Structures are given as C-alpha cells and as structure tokens.
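Below are structures written as structure tokens.
Presented sequentially are two complexes of subunit A, the first with subunit B as partner and the second with subunit C.
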Partner chain A sequence: MEGRGDSILNTVERYYKDYGLRARELRNEGRRLTGYVCSFVPLEIITASGCIPFRVRGDIHEPITTGDTLLETIVCPYYRSCFDLSVKQKYDFLSGMVIPHGCDSMVRSFSAWSYSLPFPYFHFVNIPTVCDQSSIEFFSAELNTFKKSLERFVGKSITEEDLAKAIRVHNENRDRVRDLYEFRKTDPPLISGTELTRTLTVGSSLPVDEANGLYDRVSAEIKQRERSPVKKGPRILIDGACLDNVELIKLVEELGGSVVADTICNGARDYFPKTDIGGNPIDALARRYLEKVNCPKTYRANRAGTFEGDIASRFGDTGVYAKEFKVDGSILYLYKYCDPFGFEVPARKAYYKSINVPLLHLEDVYSAGTMGQLRTRIQAFLEMLG
Partner chain B sequence: MGYVLGIDIGSAYSKGIALGDQGTVDSSVCPSGGDLKLTAERVKEELSFRNGISAHDIMRTVATGYGARSVIFADEVRSDVACHAKGVSSLLPTVKTVIDVGDLYTKVLRIDRNGGVHNFLLSGKCAGGSGRILQVIARVLRVKVEEIGEMSLKSKKRVDFNTGCAVFSESEAISRISEGVTKEDLLAGLHRALAAQINSLVERIGVEPDVAMVGGGARDLGLVKALEEIRGHAILVPAEPHLTAALGAAIIGREQLKKKIES
Partner chain C sequence: MAEEVKEVKPKKRMTATRAAASIGPMVKEFITSTLQARAEGRQKLAYTFIVCHHEEILRAMDVIPIWTENFAGICGAKRDAERFLQRAESLGLSRSLCTYALCGIGFDQWREELGQMPPDAPWGGQARPDFMISSGQIICDPRSKWYQASQQFMPDVPIYNIDLPYPLFQRDQDHRDVWDYYHKYIVKQLRGLVAFLEEQTGKKMDYDRLRELVDLSDRTWNLIDETYKLRRAVPCPMGTGDAMNTMVPINFMMATEKAYDFFVDLKKELEEKIARGEGEVENERYRLMWGGGLPAWYALNDFNYFNSKGASFPVETTYRMVAPLNEMDIPETRDPIEHLAWRWLGYWTFWYDKAKKRPGSEPDVERLINWIEEYKIDGVVMHEAFSCRSWHVGLIWQLHQLAKIYKPIPIYVMGKDGKREKVYRELPSLILESDIIDITSYSEVDTRNKIDAFIETLESIRANRAA
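Moving on to the complex of A and B:
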C-alpha cells in the first residue's frame, strides 16, 4: 500500500476511512478474500489456503437499515452493523464468509448471512464452550473440517508446511503488534490509542504479510518521534469486546486521558496470544484459539473453588496489563445486548475492586450519535482519577 | 479579586452563579431552549447587568452541564459531577452521598468534605429515572411543575405505577386519569415509582451518610419525601438545589484563580 504525504499514519487514516480499499485492488488482481468476524476464526488456515482473511467491521456512522429487515434487533448493534454493511454490498469483493460460535447471535444468524449474501463460500466454525481435553480434541477435528472445506473451495490441498508457514507469519504479525504496544509504556505514550487502533483495524483488512510491512513502517515512524501526540493524563485501559471504530478512544484522548492498554478483540485479546510452533499445527491452533484467547464466551472451570480465585483466573490478564502498562483506571465499554460480556459484568467489577483499579462501566449502542452522552461520564471519570 | 462565574447549561434549564470575594452575589436561571450559545450569553448578561459587573471584572468563567461546550467564553469546562460535588460540599460539608436528579440523568456521587469525587454512577441513557417525567406529567395534568410536589403530598390513596420508562409512564398516567384517579394520587404514585428507580441507582453505588439531594428534581418536595420514605432516613436539600453545579463551577474557578495568584 502506497501512502500520500510524508507520514505512514496518514496512509493508515486513509485506509481506515475507506476500509477495504486494498481488498478491492486484490480482488481485481484475482485474489480470493474470505471475510470473518470475531477473534475465534483461525486465520492461519485461511492464509494457508491462499485466501486472504478480511475482518468485516461495522460503522458507527452508518444507521442500520436493510440489515434490520433480515435480523431481529435483539442481536447486539455491533454485529447488526457488520451484517447491515454486508447486505448493503460494502464488502462485495469478498468470496466467502467464515463465522465462528463467538456468541449466540453468531450461531443463530449464520443462516441469515448465508442466504442474504451472494458469496460462493460460507463456513461456520463450531467453537467449544468449555476448555477441557475433550474440547481440544473436538476442536482439532472441527478445524480439520474447516481446512477440508477451504480445500474444496480453492481446489487444492493445504499441506502441513502451508500451515506451519502461515502460523509463523501470523505469529510474526502478533510480535509486531506487541512492539507497537511497547510504545504505549512511556508516560505519556509515544503512540496514541486512536493511532494504534486505527493501525490494527487497517491491518486486519490486509494480507498478513502486508500488515506486517505496515506495522514495521508505523513502528519505524513512531521510533523517530520525540514527543507524544497526547498530553500526559490518566492512563486508561479499555476493556470490552470489538472496538473497530476509534470514536470512543478518541473521546477519551480528547478529554485528557491516554489510552495505553486494552483487552479488546481487535487488540490484546486477539494479538497477544501466539500459536505454539512444532508439533501438529492443527492441534497447536486448537490450543491457541480455545485456551489462549480469553473471551467471556468460553466457560472456564472454577479450579480455585472460591469466588476470589475464580475471578483472578478469569480476568487475571487484565490485571497483568494494568500493571504492565501502569494503568490508572479502566473503562469497560459494552454494547447493549452483548450477552457474553453482559452476564459477567458483576464479576468483572468485583475483580477490578480486588486489584484496586477504578472502573467506569459504559453501555452503548454502537452509534456515533451517542458519543455526546458518554462525554459527561468519561470527563467525570478522568477528573476523578486526577 | 473581581468575580468568578459558574455556568451550568443543562438540557432543560441553564443556571449561572456570580461569585464575589464574600461568596455568592447573584444567580440566574432560564430555560435552555434551542440555542445554547445564546442562552449562555444571556445568563452572563443577566448576572452582569443586574450586579453592575463589567467584562473586565470577570476574572474567570467555568462552564459545566450538558451544553458546557456552548459556553464559548468559558475559560474551562468541568464535568457536572465534579461541580455538584464541590457545590454541595461547600453548602453541606457533612454530606458524603449526593443524588442529583436532573432532566437528562440522575447521578449519584460519593464525595468527601473537600468536594473530591470518590465514585459516581449515572442512570441509563434513556430518561428512565431522570427528572424528565416530572415535566412530562405536569404537562399532562396541566399544572405547573413547581406545584406537583405540594399536590402529591395531599394524596389520600397513592396509585401504583408500573412502568419505569418516561414515555410509557406518560401513557400509564393518561389511562389512570381516564379511570378517574385524582391528580394528587396519581402524582404520589409517580413520585413513588421514580423514587424507587432512583433508590436502586443509589443502592448500586452504596450509601454513606449524610445524603443530599440536588438538581431540579430536588425542588419537588413530593419526590424528596417519597425517597425519604423508601430509604427510611432524612435527606438534606440545600436552599436552591438546582444551583449547586453552577455554584461548584464558580468555586472551582475561584480556587484556580487563587492558585494562579499564589504561584
């Protein structure tokens, strides 16, 4: 991807605004792009098949219209927005769509996707809800089924070498994202939360090797910076599901906070865990996606036997990030009707209390129109943190 | 030291306080209307004109409230959470829990005696549990919003209200009127339902006495009594509860000014 102007971040902004710009070019060159949602689709298998994984995102500026004639409004507004844009042909360059069991809405609406969109390829990945040895075995078999369905679609077999190579390049991608997160550790951070989330969002619309190149260029540019783009202020962790529009982060930064960490699906939840190298690649992928991606969708047994032990094991990664990135407070930002996150809000609040990190819980409807209403709460929270 | 202005542009009413060296000099209240920039100017003009304050006598202006960013002449914008805390602690220093019933939201604040905020919680994004329903019901009953508190206290047989949503409450009120209930009983029921909603917000954040109620909703004696009845303890209400955010904004402005002069 070639940029205009002197800064790679200007290019990022352009690709962020015109999401899918590069994908359209690739499609015109004859490449096959496979859309996906959620952090549970093993992208390595898509890459190994020769297709390009493309993260379908929503748009908080676009009112949900056609989508609501095909999906009920009990589905969370984020997912409805992704669906709405798809049926309005925003992603008509895709050749297929892969949806995992990331939440009940994804399961129940899969058929609506498959009969409302004209793509030749659809696949539903069944993700176990628990994390036992039997679930890993089941999930490995399920991933083999996914692999076979892609093989049929592209008309060639996916070898172990293809998979090993894809695992390596996706791990490299995660290493680069980790490097970008390192820039958040200074106070104030060298990279703003808005810049980082924009960069990662654009990255998820590119072939993984191109995303790696992009992250390298962003890293090189940030390294040259002498000053932070944001003023020193309370250091904020954003906790929640997928945040693929930067407006909330921008608002926090406008009001004087620095977004320095997150647990979001298009952030740490997805990019921090890596796939183990060596051994059977499908088994390694099964372990990475089921055991290492920490999402409330997966039930993890209470091994400690106490409430305190349970919340420490379920949300411990948040505490680790809070320490590592020297967080002053956290904003738990959830979409209305998001059941997986909604159910565990009380436990999550208790966890924040136990680690002594102040928390602001916001519920929103995935619309730019509600940002003004969040302003007061965020401003008051930042003032409280001092 | 001159004057400091605190201006609170709410969604229903805009409030202003002029603070002099010896304390509050004057206050001003007007409906916010559709042009918030103009409203902010009007509040300032009124305070200036009535008290002979010239532009260069105004040392600092701090704006707060939903429309704070429309106060283009403000030196600073602060959240109404911080301003209420400051305002209440200056008037009622023993208060640790503040309930602000505004037009758009109800907020509950846990504060210290210096006006520092320890925690806060707002009602949901819709008007359920906010003061908006008081204006709606006054319009339905064709009475003044200032009168509904007294009327409600005269109720002999409070009706049970089932809905928490401001829009549905209006339809429920209309159907009760058609059943022939009195305005007094209807208002008592509505106050009880609103107080119950506010109380659940209060319970979620936890209470430390003393408890104060502020905002336009606290001018409604019927609502204050209903909440006292549910909670089983007295609730303090400052003399002009709708002005505490504007007062707090002005106090914050004065503190900043002092700091500046000292440094």
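Moving on to the complex of A and C:
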C-alpha cells in the first residue's frame, strides 16, 4: 500500500472508499482471495492455506437492487447489502467465499449465495450454538473439514507449522489493533472513532501482514499527534453487530461525542480475543472462536442462577471496556431483523443500568438515508450526557 | 402498556376431513391439561420447541412439554396476539423479530408481573414451566434466544439448551463424510438432556420405555408418510388447510399412542374418500403446492377461498417434519439415543443425494420438483412471513432456481410458420406476504386480489393447454 500525501490516514481513506483496491491488484498478481462474512470464520486457516482472507462488506449508500430479486427483504439489511454488492460483481476478484453459521440470515441464504456467485470455492462452516466440551470437540472436527476443503482447493496440504505461523501473525494483528485502541484512552482521544473504524475496515481487506504494516504506520502517525482530532465531549461506546460504514460514528463525533470503545464485530468483539499458542492449533482455534468471541448467537448457560449474575457474565466485557475507556454513555445500534442481537435488548438495557452507564438504543436499516432521523436522537442523548 | 383490545374474531375455517375437525378440541384439552398439571404439581412441565427429536426423551421421563410456538399460534389464530406483542415491544424488543417469541416473552412477562394469568388469556393461558429446553440449532436463532429472554422475568426457571446441528448441503461435500462427528455431538447433547431431566425430576431414565417410545414414533413417522401420500389421488381428499390442523399430532403429540391412532383414523378416512372419489373441493380444477412458509394463523380461511375457486392443495412442505424411515440411509442401532441422532441427520439430509444428481438442484428445490411430479401440481404458493427467517429466507431463490432448471408444463403455441409448437412454461407461482401471528401485516383484500390474479393465470394456462 503506497501512501499519498503526507498522511497515512489519507491513504486509509482512499482504500476505504475504493474498498478492494489492493485486493484487485493482488488478484492481478495471481494471488487467491477468499471472501468471508462475520467474525466466526477462522481467518488463520485461510491465511495458512496461502489464500488472503477478505472481509466482504456492505455499502449504506448503495440501494439494494439485484440482491432483492433473489433474497427476501426480511434478511437483516446489512447482510442484504453484502449480498447485493456481491451479486453485482463488486467482489469479482474473489476466488471463493466462506460463510459461517453466524445467524439465520447467513444459514438460510447460503444456497442463494453459493449458486448465484461464480466463485470456484464455497464453504459453509457450522458453528456450534453452545459452549461446552462436546461442542469444542465438534467444532474442532468441523474446522478440520474446513481445512481439508481449502487444501483441496489450493492443491496443497496445510501443515501444523503453517497454522502456527498464521496464528502468530493474526495474534500480532490483534495486538496492533489493541495498540490503536490505546490511543482512545486519552480525553479527548488521540484517534477518532471514525479514523479507527476506517483503518480496521481497510485492514480487513488486506493480507494480514500488510494490515500489520498499515496499523504500525497509523500508530506511528497518531503517536506524533499533539492534538486530538475531536473536541472533548461525552465518551461513547458503540455496542452492536457489524458496523463497516463509518457514518454513524462520524455522526456521533460531528455532534460532539467521542467514540472511544465498542463491542462491534469488526472491532473489539473480533480483535480483542487472541488464539492460545502451543498445543494443537485447530483445537486452539476452536476455543478462540467459540469461547472467546462473545457473540449473542452462542448460548452461554446461566451458571449464576440469577438474572443479575447471568447478565454480568454475558455482557461483562462491555462493562470492562466501559471502565477501561472511561465511557460516559453507550449507543446500542442494531439492525432490524437481527434476531441474535435483537432478543438481548431488554437484558442489555438491564445490564447498562446495573453498571450505571446511560444507554441509547437505536434500530436501523443500514442506509445512509436514515442518518438524518438518528441525528436528533443522538443529539438529545449527547446533551443529556452533558 | 399494551392495549387490551381484541381484534375481530376470525371466521372458522371449514375442514375437509373429520380428523382435521377434531384437532381444535384436542389442542384446547391439551392446554387445559397443562394448566391442571401445573395446579396439581405432580408432573414437571417444560417449555420447549417442536422439531427437536426429543419428545421421546421427555415422555419417557414423564415430563409434560409445553409447546410455546403452539401457544403463540393459538393467540394468533384467535386474533389475540397483539397485546402480547405490544408488551414485548415495550420491553425494547423489535417488532421485526420472530413474533412467536415476542408473543411468548410478552405473555411471560405479563404473567410473572401479575403473579397470575393475564386477563382473558387464550384458553386459560400458558402455564409457568418448571424448566425450559431451548434449542440452538441450525434452523433457528430465536430457539436459543427466546427462553433466555424470558428467563429475565422468571430467573428461577433453569434452561437446558440442546445443540442440534446438521450438515448444510454443499455441492462439493458428501454429508456422509462428516456426519459421524455430527452424530457423536448430537448424541452427547441428547445425553446431556437426559442428565438434566434426571436432575430436575429426581428420576432415572427408563431406557426400555424410551426404546418403546422411539419405536412408536418411528412407526408413526412411516404411517404419516403413507397417509400423506394418499393425497396424491385425483381429486385430492385433503388439502393444506386441513394439514395445518393435522400438523398438531405430528409436531406436538409425537411419541404418543394418540398420535399414532390419529393417523390410523385419518388414513382410513382418506382411503374411504378416495374410494368415493371425493375431493377436498367439489370440482377440482387446480392442484397447488404450498411450497413454503408458515401459515398466517389468523387467516386460515384463505385456504377455503382457494377452495372456492376450485383449487386444492394436495401437498405442502410446511410442517411435514417426517420422512419415511425405510428410505433413509442411516445406520442401525439398538441405542435409542443414538437412533434419535441418526434420525435427525437422516431427516435433514433426506434430499441431498437426489439433489446432487440433478444439475443445478438443491435439496429444497429438489423436494419441490419431486412433489410437483408426484402430486401433479399446477402451481406453487408460498407465504413469506416477515418475522421468521428460518422457514422463509430462501423461498424466492428456490422459486427462481426451480424456474431455471425445471419447466414442467408443456403448452402449445402457434409457431412462426403457423404450426403448433410445444413449449414448456414455467410453473406459475404466487408469494403471499404477511406474518404468522402479527395481523397488522395482513390485508385480506390484497391477499384475495393476489389469489384471484393467480387463479386467472392458472386458468389461462389451462386454456392454452387445451388449445
């Protein structure tokens, strides 16, 4: 990735706007890119196979058209947008696609994806819904099946060493993301939420080593900063699923808030948990993705036997981030038709109350057109926070 | 908080069979008996979901299942779901989520708040459970989220969540290459359920009884298959409208003698009707398939409307949650739990091999094609219920794919040179849109207009064919 102008963040913006720019170059160089959605696809296995994982994203500015001729509008709008862009050939540089059992929208539309897109490789990874010893064993077996299918596709075997190396480099990637989050801790933060999410979004379109290089350069540049790009204001945590367009964050920041933390799928949910090293790499991956990625889709048994104990264990990470990043308020931003997150709203509300963090709950339809309506509510919330 | 206003009572749907007509009272009796059991406190009551292959385990342990989807459906059919949906909404739950779950959570919250049943609760209401058995499985997210959400209002009621995955159809994968580890996992999950029930009831599982019950439901599965296949007859003796009643023994009464006997009677009734040449409709003009989607429970008499136009529904994909055991390629075992796990996998992969053989096909599409042929279908009707992704996402694509790979209706048209030519026309299809129980999504006028237009299409195809 070549920088242009004086700032690496300008480069980030360019790659963010022309998403897939680098991927197309790599494709022209003969590399294979494997698309994926959701935080449940073990990217380490893709990297270990020699393919480049590429996160397929949606676009809130692009009306959903072709996609709607093949897929019901009761699929969550974020996922519909990803599908729409894919069937419109926006990601035609991909050689394959991996879809996990992340939610009903993903499972039930798998055939629509796999029959409508011309990629030579397609794979579905089944993710268990519970978290216990038997589900870890099952998941390890399922990941071995995934590994074998990729081996068939690339025509070479993936060794333990390949996996260990990929695990190392993806962990390094997560460390670098953590470093970027550190810049959010000052008040006002040294990096804006818009800049951070843009950077991570671009990172997920690059080979992991290039993403690591990018994050280093962004870090180096931010370190030099003497002033924050945002004014001091209420410190906001964004709670929700995948937020791969920065408009909402930008809006909060335009209105005087600072986005300093999140739980989103292309943020802390995905980047904070690391894979254990040593031991069997597939088992370690099974544990990371099932036990450590805290997604509402995974049912976690109520061991406390009380509601308060249950929410403390299910949403405890949010409380930790709220403290660590000195959060003043949280915006729970969810998409319509999203069952896994949607059913948790009353419990999450109760949790925020228990940790004394004010909450604004918004339901949206993944469209730039609704930002105007959200503006008033966000403004009122920020004013309330003072 | 929720308005306590009931919507207009629906007109009762007319059934074609005696068996279907007997279902209403049966369900009512079942709901009442759970309330009685609650009051007596002798047996444990469990909230749970249909299509989990665990009825045998529950019944062998003398646990009474409370089918929460059933109760939500009853609220819908009685046009009395809105107040529970509004209550759920007031808790912060989006109206775009599964409305069965919303209705159930709204109801639970209300009952727990009052410490008694909400006023005028349908059929006396839904009893408070001793525990809840949810199911995280590949077909539905709300099944593992619903009870977790309800538990907020009854934190003393424990949950056991069984994971029941199956291998999704992938063209480059033979499901038999992976199903051993699926089987192993499902067995462990079901054994976990047994252990949970033993702990909750203080009783030990009687495996001989379990084996008998598994055998009983296997026999019931085969009997249902034989019974439903009788609907291939022309004219068709029983339609989907009735099948929305006869789904009750399939989904809520499996592993009981009563369910078995029900199908013995229904089979006999259908055989008699066939012998008399008696169809669901008097002059059968069109044979339609209900090709997907749960019904709009408050508008079941739309089936009568179809019937009034001469349209019969000999087959539906919805709620036919059984497949012939003898056609399943699953290993034999004496262990009833292992058998349940194999039957689960056998059911979900039933169409996989066939689908692989036809270029461009896929299991759901393959099932449509097979049944179009076996039941001599003229058109496909689907219902898109907005709140349930599990059964409704993928339907448009299935129709699309069906049209792409299968054009079964030969019609004659005038060719360029004035000669008659045989061409194949796509199977006409109709997609109705509303919801399972959220009546605000439904318009009778629009629905009937759509049906009228569809019937006209079918008629013009008939006319062309006759030409």
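One rule holds in what follows: the second predicted complex is superposed on the first by the 386 of 386 C-alpha atoms of A that agree within 3 Å, B and C clash if a C-alpha of one lies under 4 Å from a C-alpha of the other, contacts with A are read in each partner's own complex, and residues count from 1 in each chain.
Heads up, the rule we're going with is that a contact is a pair of C-beta atoms (placed from the backbone, for glycine too) under 8 Å apart; a residue touches a chain by one contact, two chains touch by 3 or more.
Model, not experiment: these values are computed from the prediction.
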| item | value |
| --- | --- |
| First (subunit B), second (subunit C), both or neither touched by A:R184 | neither |
| First (subunit B), second (subunit C), both or neither touched by A:T145 | second |
| Dominant contact partner of subunit A by residue count, subunit C or subunit B | C |
| Contacts of A:R176 with subunit B and subunit C, given as first, second, both or neither | neither |
| Touched partner set for A:F122, first subunit B, second subunit C, both or neither | second |
| First (subunit B), second (subunit C), both or neither touched by A:M384 | first |
| Touched partner set for A:T370, first subunit B, second subunit C, both or neither | first |
| First (subunit B), second (subunit C), both or neither touched by A:V345 | second |
| Common ground on subunit A, meaning residues reached by subunit C in one complex and by subunit B in the other | 363 |
| Residues of subunit A that touch subunit C when the two form their complex | 69-72, 74-75, 101, 103-105, 107-112, 114-116, 122-124, 126, 128-130, 132, 134-135, 137-138, 141-142, 145, 149, 152, 296-299, 301-302, 305-307, 310, 334, 336-337, 339-340, 342-347, 349-350, 361, 363 |
| Touching residues on subunit B, where the partner in the complex is subunit A | 66, 77-82, 105, 117-120, 122, 124-125 |
| Touch list for subunit A against partner subunit B, complex | 358, 363, 365, 370, 373, 376-377, 379-381, 383-384 |
| Residues of subunit C defined as touching subunit A within the complex | 91-94, 96-98, 101, 134, 136-142, 144-146, 148-149, 151-152, 155, 158-159, 161-163, 165, 167-173, 177-178, 181-182, 184-185, 188-189, 192, 360, 362, 364, 384, 386-387, 389-390, 392-398, 400-401 |
